[in-house]
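Note that the chains are named A, B, C, D and E in the order they appear, and that numbering of residues resets to 1 at the start of each chain.
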C-alpha cells in the first residue's frame, strides 16, 4: 500500500478524486438549496411566502423535490431517438461541472480544482458545449415545439457566447494571463485613491465588461428575460417538454449548475475571487459571499424583467452587446497603453 | 530610310478605311460603296509610285522600316520591299480596287461588313508581302485567313460553311507546320549566333545542317504547297471557289494563291537551298501533275467556277514548275505567270460573276449563245480566255513560254531510258508535259467558251440578258489593258523583277557553297552567263547592272 | 508529464483519420456526411501540423492550424448554404441524384 | 529610209483593227469596207516599195533587218520584236497582201447583207496583221506570235456565224488541232534555243552547223517537231482533219485563209528553216513522204465529195502535199513557186465557188447545180481558167510549178514520190473537171426558187476574179523552165536557199529527160480531164453504174475514210471519260476523301473520351483519390 | 502519457469510423463532435493547449452546431444506399481507402522511423502567449487575409442562403461562427 502511495501519479490522482467528490456534492447541495432559495425569494418578492411546509420553515423542500423527481413515472415519446433522448440531459450537466474544476475557490492550491493556465478558455469551451444539450433535447423528443424551442435557444446561446467571450478579453488584457488563479491574484492589489482603499477588483476597472458579462450570463443560462425557449405561453415547456422525472430534473439541475458556474467565473473575473479585507484564510468566505450576492442578482433579475421577444433578443445580442464588447476591448487597450506609456 | 513610313501606311491604310467603314450606318449602301471605292482607289494611288520608286538594281530591301515589336523575343516590325514583293503588292492593290468596284451588284446583304472584310483582307495580303520578319510574316499570313474565311462563310453559296471551314482548317494545318519550322529556325539561330531575332536576313546568313534543312524545308513546303495549291493538297480550292461570292473568289484567285508561290520564292528556296535543289525534281514533278491533272479535270466540269478553279490549279502548277527549274528564265517565267494568273483568272471569275448575277446559276448547260445577247461581254470574255490559255500577244504566253524554256533547260539528270537513242533530261520531259498542258488548257477553255458563248440561244432567259453596264466595262478595261500590255511589252515588268530573282538565285548558290553541298556545276552555269549584261542590241539602260 | 508521443504515431493517426475521411467522401451518398468527412480530412491535416510543430519545436504548425480552422469554418458555412439551397431546389441531399453537369 | 520600211506593213492592218474597234458603228458599212480594203491595199503598196528597195540591193546581201524593241529578256534568253525582209519573205508578203486585198474587195460584195459586217472585216484585218507578222518575223518567237494569231483568226472566222453549232464546233476543232501543231512548234523552238542559244533566224542558222551534228538525233527531233507544227497549220496527214470542217466559215474566209495564206505558213516555215532541215536528211525524207501521201490521199477523198467547197478544201490539202513534197526533195524554191501559183488559182476557185453559191442563194451541193456556164458567164470563164491552171496545162501557172516539183522530185531520185505526184496530178485533174462539169456543164439540176433569182455577181466581186484569172494564167511564166541559170523566180530565191550547207545539187537532167517529164505531167493532166468529161458529160449513167459497182469504195471515200469518227472515238471520247473518272473518282473520293476522313477520325476519338465525363461528383472524387494513390506510390518508389 | 494518447487515438478512430459508417446523419454528427473533442485531447497531449481548446470551441462548439442545425432543418431520415452503380463506387471507395492507408503507413514507416525521442524541454513561455505573439507579428498578413476570407464567406453565405426570391431562410442556421 505504502509503495503504491508514494508514487507521484497516484497521489495526484487520489487528491484530484477527493476534490472532485467535494465539489460534486457541494454543488448538488448548493443547487438544490438555490432552487429552494429562488422559490422563497420569488415568493417574498411577490408578497407571498415561498414553500414553508416541508421541514423547519420549508428547509427540507429541496430534498422533497428531489425525491419527487426520482419517483415520477419515466416515459419516452414514440419515434423519439432513444439514445440521444437519454444523452441530452447528461450533456446539460457535464459542461457546468467541468467549469468548476478550474474555478479558484480559495487562495491556496487546495482550494482550486486544477490550476490550468488556460482556465478562461476551458470555461469558454464548456459554455459553447452547453448548446448541445438543449438542441439534442429538442430534437430527440420528436416534438415540433421541442425542436423549435431547442433551435431557438441554441441560436440565442451561440449569439451571446460571442459577446461573453469578447467581454472576458478586457479582463484578460488587464490580468495578462488566461489562468483564473493569476487573474484573482492580479486583482488582489489595493490601490489608494484619494485616500480611500479601493480594492483592485476588475469590476471597477472594467464596469462595461462586467455589465455585458452579466447580461450574456443570463442569456447563456436561459434565465430571466432571456428564457424564451421555455416560454410557457408559446412553446409549452420549450425543449424539455417531453422530459419527465429525473431527466427533467437533470435539465433543471444543469440549468442551475450553469448559473452557479457562470457566477463563480464572474466572481473570479470581476469581483476579485477570494480577495477581501482580513486575513487570507477568509478567502473562501469572501468567495461564498460574492457568489451568494450574484445568485441573488440572478434570481432578482428573473422576477423583475419581462421576457424579450426573439428579434429583440437577437438585436440586443448582435447589435448592442457585441459592438460594446469590441469597443470595451479597444478602450481597455488604449487605457493600458496610455497607462504603461505614462509609467514607462 | 524613308522619313515617311510608306510601307506601313500602305499596309494599314485599308484597315483604317475598314474600321471607319464599320462606323457607318449599315443601311447607307450608297455611302458605304463610295467610301469603300475611295479607300481602295486611294490605296491604289499610294501604291502606284512603288512602280518607279523601287530601283530594281539596288540590292537589299528598299523603304525598309524596322521597329522593335517584341524585344524580348527579338521579333521586330520589319517591312521592306524588293522587285518581287513590289509587283505582287501592285497586283494586290489593282485587283482589290477592281474587285471592290466589281462587287457592287453582287453584294445584297450586309454590304458594310463585306467591304470592311475586303479591305482588311488587303491589309493582310500587303502585310504578308512586305514583312521581312518571319514572325510578322506569320501573323499577317494567318490574319489573311480570317477575312477570307468570313467572306466565304457568310456571303457564300449553299455549302459555304463546309467550304469555309475546310479552307480555313486546311491552310491553318499547313501554316502551323510552318510556325514550328520558324521556331526551329529561331532557336537554331539563337544557339548559333547568340542573337535572338526573327529577321529574315539573319536567317539567310544562318548555316543549317543538311538533315535539319530537309525537314524544315518540308514543313515550309507543305504550308506553301497547300496555299499554291499543289496537286495532292488542292481539294480545298474548288470548294472554296464554288462557294465564295464573286469578289471573294476573285481575290482568292488573284492574290491569295500567290502567297504560296511567293512563300516558296522568298522563304523556302533561299533559306533551304540544298533541300530545295534536292526536292526540286519532286516538286516540279508534282507541279507537272498539277498542270495536266488540273487541265484534265477542268475539261469535265459542269460548273463554271469549278472549271476556272481547276484551271488555276493548272496555271499555278506552271508557276511552281518555273520556280523549281531554278534558273533565271524559270524564275522570271514563274514570277510573270503569278502576275498573269492573278489578272486573267481574276478576270475570269469576275466574268463568271457577271453572268451569275444575271442568271444566278453557274452551270455551263444553262448558258448558250450569249454572244448574241451580250456581244461586248463576249468580246471581253474572249480576250480574257485567250490570255488564260496563253495566246502569244497576251500576258499568258510570255509567262508560259519562259516557264517552258526554264523547265526545258533546267539542270536535271538525264532520263535513263534511251528514247530513240536520245537522252532527254528530266527538264525536257517536264516541258513536254507542260506543253501538253497548254493544249489541254486550250481544249477545256474553248469547249467551255463554245458551249457558253456560241451556238443558238437554247434557254429563253438568255435572250434578253443585259450586256455589260458602263461600270462593268470600267472594271474590265484595265484588265484587258494589262493583258495586252504585259503580253506585248513584258520587258518593263521583267526588268523590275529580274534583279530580285537574280539575287535570290545567287543567294541560293552562295548558301549552297556555304553549307558545303556539292554545287552542281551545270546547275548555275547559266547564272554565270546571266550575270554578264546580256548582249542583244537594245540592252536597256542601267537595269542590266547586277 | 514525462514522455512524449513519438512523431510517427501521431502521423499514423493523422493518416488513418485522413483515409477515413477519404473513404467517407467516396462511399457515402449523403452530402452532409461527405461534408463531415471533409472536415475529418482537414482535422487530420491539423493533427499532422501540430505533430510536426511539436517535434520541430516551432509554433508555425499550430498557427497554421488556426488558418486551417478559419478556412474550414468559412467553407462549412458556404457549403451548408449551398446544400440548403440544393435541398430547396432538388428535394434531395443525395449526391448521385444531382448530376446537372451530365455530359 | 524615211518611213520604217518593213515594220509598217504589219502595223497598218493592226491600226485598222484598232480603228474598227474604236470607231465602232459610226463607220457604217461603206466606211468599214473602205478602211479594211484601204489598209490592206496600202500594205500591198508598202510591200511593193519594200521589195523594190530589196531588189535594188546587190544580190549578195539581200536581207533587211529592222528591230523595233526588245520584246523579252530573262537571263541569257533575249528576244526582240524585229522584222526580216529577204527574197523569200518578199514573195510571201506580196502574195499575202496582193491576194488578201483582192479577197477583201470581193468580200465587200459577198458579205454586203450580213448583219455583223464590221466584225467580219475586223477579224480579216486582224488576220492580215497576224499573217504579215508571221511572214516578216525575224525570230521563231515572233513567228510563233503570228502563228497562233493566225490560228486564232481562223477560229474566229470559221466560227463567224456562231449561231450555227456546226460552225462553232468546226472553229473549236480548227483551233485545237492548230494548238496540237503549235505544241510541236513550241517544243521545236525550245530544243533549238536550248542547244542553239538564240531564236533569231540569222544567228541560229549561222551557228546551227557547228552546234548540231549533221544528221544527229537532236536536229532531227527539232526539225520533226517543227514539221509537226507545219502539218498542224498546213493541214497535212495527221492534222488535216480541221480544214474540211473549216468550210463552215464564209467563202472569202476559205479563200483567204484556207487556200492562199494561212495554210501556206507551214510551207513557208519549212522553207525558212531549210538550213536546219538540210542538216537532218531524215526529216526531209519524212517531209517528202508526208507531202506525197497527203497529196494522193486528199485527192482520192476529193473524188467523192458533193459539196463544192469540200472538194476545193481537199484539193488544197493535196496541193499543199505537193509543196511539202517539193521541200522534202530539197527543191524549196519550187515549193515556194507552187505556193505562189497555187494561191492565185485556188483563191480564184474559192471566190468563184463563192459567187456560184451566192448566185444560187447559198446552195453548196454540186448535185443541185449544173448548166450555169451560160447564166454566170464571168464566173464560168474565170473558173475555167483556174481549173485548167490547177490541172497543170502548159500555158497556165499550175503547169510550170507542178511540173517543176515533179521534175525536181525525179531529179533527186525520189522515184516513188514522183510516181505518187503524177498519180495525184491525174486525180486532181479528174475531180477538178468533175466539179467544173457538174457545176457549169450538164443539165441544170437547180431547185425551183434557186432558178428564180439566179443572177451574175456584182462587178465588185467579178473584178477580183478577173485579176486572179490573169495572174493564174501569167503567174507561171516567172518560172519558165529550161532557162540557163534557172528561171527568174529561182534566181530570185537563190540567195536565201543556198546560204545553208552545201547540198548535193540535184542531178543535172539532160534536156531530153526534162522534156519527157514535161510530157508525162501534161498527159497525166489530159487523161484526168478526158475521163472526167467522158464520165460526167457524155454518159452520166456510166458514172452512176461505176459508183454502184464500187459502192463500198465510194462510201469509204464519201465518209472521208471515217477519219473524223475514228479520231473522235480514239481520242476525244477516251480523254473525256478518263478526265471524268479522274475527277469524280480520284479527286472527290481519294484526295478529298482522305481530308474528310481525318476530320471524322478526330470526331470518333473525341467520342471515346467523352465516356469519362459521367457527371457524378462521386466518380470525379474517385479519380482524385486514385491520383493521390498514384502519387504516393511514386514517392514510395523514389522516396 | 502514452496510455492517454492511445486512449484518445482509439476513441478518435472509432468515432470517425462511425461518422462514416452510421446511417443516421445526426448520430454521425454527434460522433464527429466526439471525434473533435478527442482530437482536442490529443492536442493537449502534444502540449498545444490553446489549439486544443480553440479546436473544441470552434469545431465542436460552432461548426458542428451548424451541421446539427442543417441536419435538423432539412429533417433528414435514414440514408439508404441502393443501386448497382453506387455499390461499385462504394466497393471502389473502400478499396482506394485501403490502398491509400497502406501506402501512407509504408511511407511513414519508411520516412519517419520511430523518431528520436526529441521531446525537448517544456515550452518556455505559455503556449497561448507564444501563439499570440507569433500570430500578430510574423503571421499578421495571413491573419488579415483569413479575416477577409471570413468576411467574404459571410457575404457569400447570406447571398446563397437568401436564395432567389428572398424566401425566408432560417437565418440562424446560416449564421456563421468566427
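Following the convention adopted for this analysis, a residue touches a chain if its C-beta (ideal position, glycine included) is under 8 Å from a C-beta of that chain, and two chains touch if they have at least 3 such contacts.
The shown structure was predicted, so the numbers you read here are calculated from the model rather than taken from an experiment.
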Practice problem: List every chain that touches both chain A and chain B. | Solution: none
Quiz item: What's the fewest number of moves from chain A to chain E, given that each move must go to a chain touching the current one?
Solution: 1
Self-check item: Chain whose Cα centroid lies at the greatest distance from that of chain C
Solution: D
Quiz item: Taking mean CA positions as centres, which chain lies farthest from chain E?
Solution: D
Self-check item: Identity of the most central chain, Cα criterion
Solution: B
Exercise. Please work out which of B-D and D-E is bridged by more C-beta pairs in contact, and write that pair.
Key: B-D
Quiz prompt | chain A and chain D: spacing of chain centres that average the CA atoms, whole Å | solution = 129
Quiz item: So how far apart, in whole Å, are chain B and chain E when each is placed at the average of its C-alpha atoms?
Solution: 71
Quiz prompt | Distance between chain centroids, defined by C-alpha means - chain A, chain C (Å) | solution = 33
Quiz item: Which whole number of Å gives the spacing of the CA centres of chain C and chain D?
Solution: 100
Exercise. Mark out which residues of chain E touch at least two other chains, giving numbers and ranges.
Key: 50, 54, 62, 73, 85-86, 89, 92-93, 96-97, 100, 104, 127, 177-178
Quiz prompt | Contacts with 2+ other chains: residues of chain D | solution = 616, 618, 622, 625, 628
Quiz item: Who touches whom among the chains?
Solution: A-E, B-D, C-D, C-E, D-E
Quiz item: Mind pulling up the chain D residues that touch chain E in the complex?
Solution: 616, 618-619, 622, 625-626, 628-629, 632-633, 635-636, 639
Quiz item: Which residues, counting only chain E, touch chain D once they are in their complex?
Solution: 85-86, 89, 92-93, 96-97, 99-100, 103-104, 106-107, 110-111
Exercise. Note which residues of chain D are touching chain C in the complex, please.
Key: 610, 613-618, 621-622, 625, 628
Self-check item: Residues of chain B that touch chain D when the two form their complex
Solution: 166, 169-170, 232, 234-236, 238, 293, 296-297, 299-301, 327-329, 332-333, 369, 371-372, 386, 391-393, 397-398, 401-402, 404-405, 408-409, 420-422, 428, 431-432, 435-436, 438-439, 442-443, 446-447, 450, 453-456, 488-491, 494-495, 498, 526-527, 529-530, 534-540
Self-check item: chain A residues touching chain E - in the complex, by the definition given at the top
Solution: 81, 83-84, 87, 116-118, 121-122, 124-125, 128-129, 131-132, 135-136, 139, 147, 151, 154-155, 158-159, 161-162, 177-178
